[in-house]
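For clarity, chains are labelled A, B and C in written order, and residue numbers in each chain start from 1.
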Amino acid sequence: MTQTVQIIILGLSLGGVFALMASGLTLIFGVMGIINLAHAAFIILASFITFGLFKYFALDPILSIVIVMPVMFIVGVAVYRIFFARSIADPNKRGVTVLLTFAIALVIEGTLGFLFSNIYRSTSPSYASSAILFGPYYLPEAQFYATILSAVILIGLWAFLQYTRTGYAIRATMHNRTAAEVVGVNVDRISMLVFGIGMALAGASGAMVSFLFSVYPSKHWEFVAILLSLVVLGGMGSLLGALVGALVLSVAAAFVSSYYGPVWSPVTFYLALFTILLFRPQGLMGKKAEF
Amino acid sequence: MSSAESALSQKSALGDSVASRRFFIAFLLAATAAFPLLQVAFGGLNYWLHMLLFIYMNVAIASSWNIIGGYAGYISLGHNVFFAIGGYAAAILFAYHGISPFISAPLCGLIAMSSGLLIGMVTLRTRGPTFIISTIALVLLTKILLDNWRYVGGANGMSLPLLDMPVEFVKLPFYYGMLIIAVASVYLSFRIRRSKFGLGLRAISQDETKAEVAGIPTRFYKILAFGLSGFFIGTAGALWGYYLTYLSPAIFLSILVGAKFVLMTILGGRGTVAGPVLGAVLFISANEFFVSQFGATELNLAATGLLLILVLMFFPEGILGTLKQKGRLPKILDWD
Amino acid sequence: MAILDISGIVAGYGAGPDILKGLSLAIEPERSYCVIGPNGAGKSTLLKVICGLVPAREGAVVFEGDRLNGLRTDEILHRGICFVPQDRSLFPDMTIRENLRMGGYILKDRREVDRRIEEVYGMFPILKERNSQLAKTLSGGQQQMLLIGRALVLRPRIIMLDEPSLGLAPIVSRQIFDSMNTLKAAGITIIVVEQNARMGLQFADWGCVLDLGKAMFEGPSASILEDPRIEELYLGRRRSRAGADA
């Protein structure tokens, strides 16, 4: 029993971080209809930035979020303006837009690989190697901080969407783009803002990924498939869905990892993805992806 | 000119263009078939034989991908799964049962095609971007499975014995093998495009709901297209593994390889017959030039991505598609 | 005198052909208009041009002396022109109250918005009854009412509705048009596009017939209803086409 609870604790903790990673992805989809295959690549990019700050300025990865998030926000706004501003209005171009995000991921991976080579890296702050004990259970200290931080950021995001005027506008645009336009929301500006926010969320996750995992440029494909699976489970466009999906699948993967070996835990996510796409493509809570 | 005369001259112009196209294709076939004779006569052309057979293989791959990605409009980023299935099937048959891949290649193609039909029954329930996601998951899943399958050497891969021929001639069977596969796949693409099946696929790519409502058996067509697109890719994979004498999941199932399949076809012009051919030739040549200048580094990855971005943003119809739209497509390249 | 002066509008979608081909219309204040015409005539396009969703390629839209062309939708909204589009553009997963709040999005004063929502509840008590229900759970007629209510939060000078009776049973459409009388009583200028020409012209004071991208005919709706030429415009083309094929 203790073993089971321990696995659940580890799963939930990781799930919280995955939920943060996926939140940007699902937000971008909800507002713009773009499935950003490069999302995890941006997360890895942020990890490398964090790594650089750690190595050259001895900046603690968690503290560096204060720098990384705004930087990634600006990157997001720029990327949106360059690549997506024109094409999101046209539903026929959705497939091409997805391919475009794929290509952007390749460029990021290639550039990072060229500049930093394929060595596994991670930041190693002091807490990366110790664990916190709760009675008979333990949680690696790094994961503990990451989970708390993810929870804080996600709650902040939720509050922003629920209670601010801009948050309202974002939610309205997610529900019905034309209706939002008609009540006076500047949907283009909102889309740009959301892409920036999505990238800022990726930035925060990336900073945490830098000490939770060993990072190398091509790792983002593994993350992308995982993120997509939990977003698809929870429902594209639903933040709550992303959270639920993340927690459920992470716990499942933790069990798989414990009984069959860590090599198989990504398979949990891939199989889940196929199964959901087969039986309930809109996931538990999402709106149907418009094609 | 009177209307009768102008009609006649139009007809003869059309006849000229068909004739010139046929002549062009016949010339290509003859030249490619005859080229190895130069090797037999003079030797020293192994590098060119290698490049050409690599190009032919990619022509086959691009033309096959085009069936599902171009005609039907379902973009698959994980099509190298078929490549791996064909390659590994041939390797197993050869290493454990002694059957030469040259003989088993069509069977491996069939195995790839059947896998495609089965996989398609599951993944083709989704559309558009969701389908694309499922193809990525497919590649990653297959890679993990193969990485852990000790029968085929897992992540360390499998070695195959070398074909027992003198070094000047050893590439020739592969050359002709790939050439035949390339020609056959382009021919298949051509026949599909002209058929009712092809028309149905293109209707699906325009507007699937309307196609369904018009009575087209969309689910059947899509699955068939997906399966067919795997056949020649699997056949090519069977030969390629033997040619390399080594297979590993990393070689066959890297995302970059799948991305290149897509890029070649889109570059040339998906949805046309000649587009994938042109795209494969241009891309492989450019890639080769790039590698020789800069080395096969990660920069290759970035450059591939950059090229894909440029093509998608400015020439989404590809070279041939854009030329066709502007009415400037040379008749000899219009194989539709 | 005219509150909205539309002159020589040429417009189309994206890079496509011109749908409106030089349309001119003068809208008098506090009058209710019904725009009718065959499909493709440009009725919806006209409304979208006025509210800024579709740019005009030529011509001008002038509202109380101000040129509206080229302004963004939210700027036009600020001036008091409200548009209720055709496809039941509610926020389905938001409650009635939240939908109404979104109607007041461009207003900065939250309390003012709440006050106006109360006014809307006064006009449409059924919305108040169900105010915490999700919009997607409402019936077609109630949704249309919500849309009108949402437009009213802005206290517009002009309200434009694109096919309010679309997809609604005739008795429900009648209820909708009845509820729109409240708008008339409040002195709001109304422009309604309707396929159901009879119902639209019975509601509105003034009618305008659009065809081939131009305003072909306008006048008091009573006279349009009785005019044999209108019948011909609707039915006449079919007759002459049949004649040409014979």
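Things to note:
The definition used in the following text is that a contact is a pair of C-beta atoms (placed from the backbone, for glycine too) under 8 Å apart; a residue touches a chain by one contact, two chains touch by 3 or more.
All figures in this text were calculated on a predicted structure; none of them were measured in a lab.
Hopping across touching chains, the smallest step count from subunit B to subunit C is 2. With centres taken as mean C-alpha coordinates, the chain found closest to the middle of all protein C-alpha atoms is A.
If you average the Cα atoms of subunit B and of subunit C, the two centres end up 53 Å apart.
The geometric centre of subunit A is 34 Å away from that of subunit B, both derived from CA atoms. The mean-CA centres of subunit A and subunit C are about 42 angstrom from one another, to the nearest whole unit.
Of all residues in subunit B, none touches 2 or more other chains.
Partner subunit C is touched in their complex by these residues of subunit A: 165, 168-169, 171-172, 175-176, 178-186. On the side of subunit A, the complex with subunit B involves touching residues 35, 37, 83, 94-96, 98-100, 102-114, 117-118, 217-218, 221-222, 224-225, 228-229, 232, 263-264, 266-267, 270-271, 273-274, 277-278, 281, 289, 291.
Residues of subunit C that touch subunit A in their complex: 51, 53, 72-74, 77-78, 83-85, 87, 89-94, 101-103, 105-106, 150. Taken together, the subunit B residues at the contact with subunit A in this complex read 73, 75, 77, 122-123, 125-130, 132-134, 136-137, 140-141, 144, 147-148, 255-256, 259, 262, 266, 297-306, 308-309, 312-313, 316.
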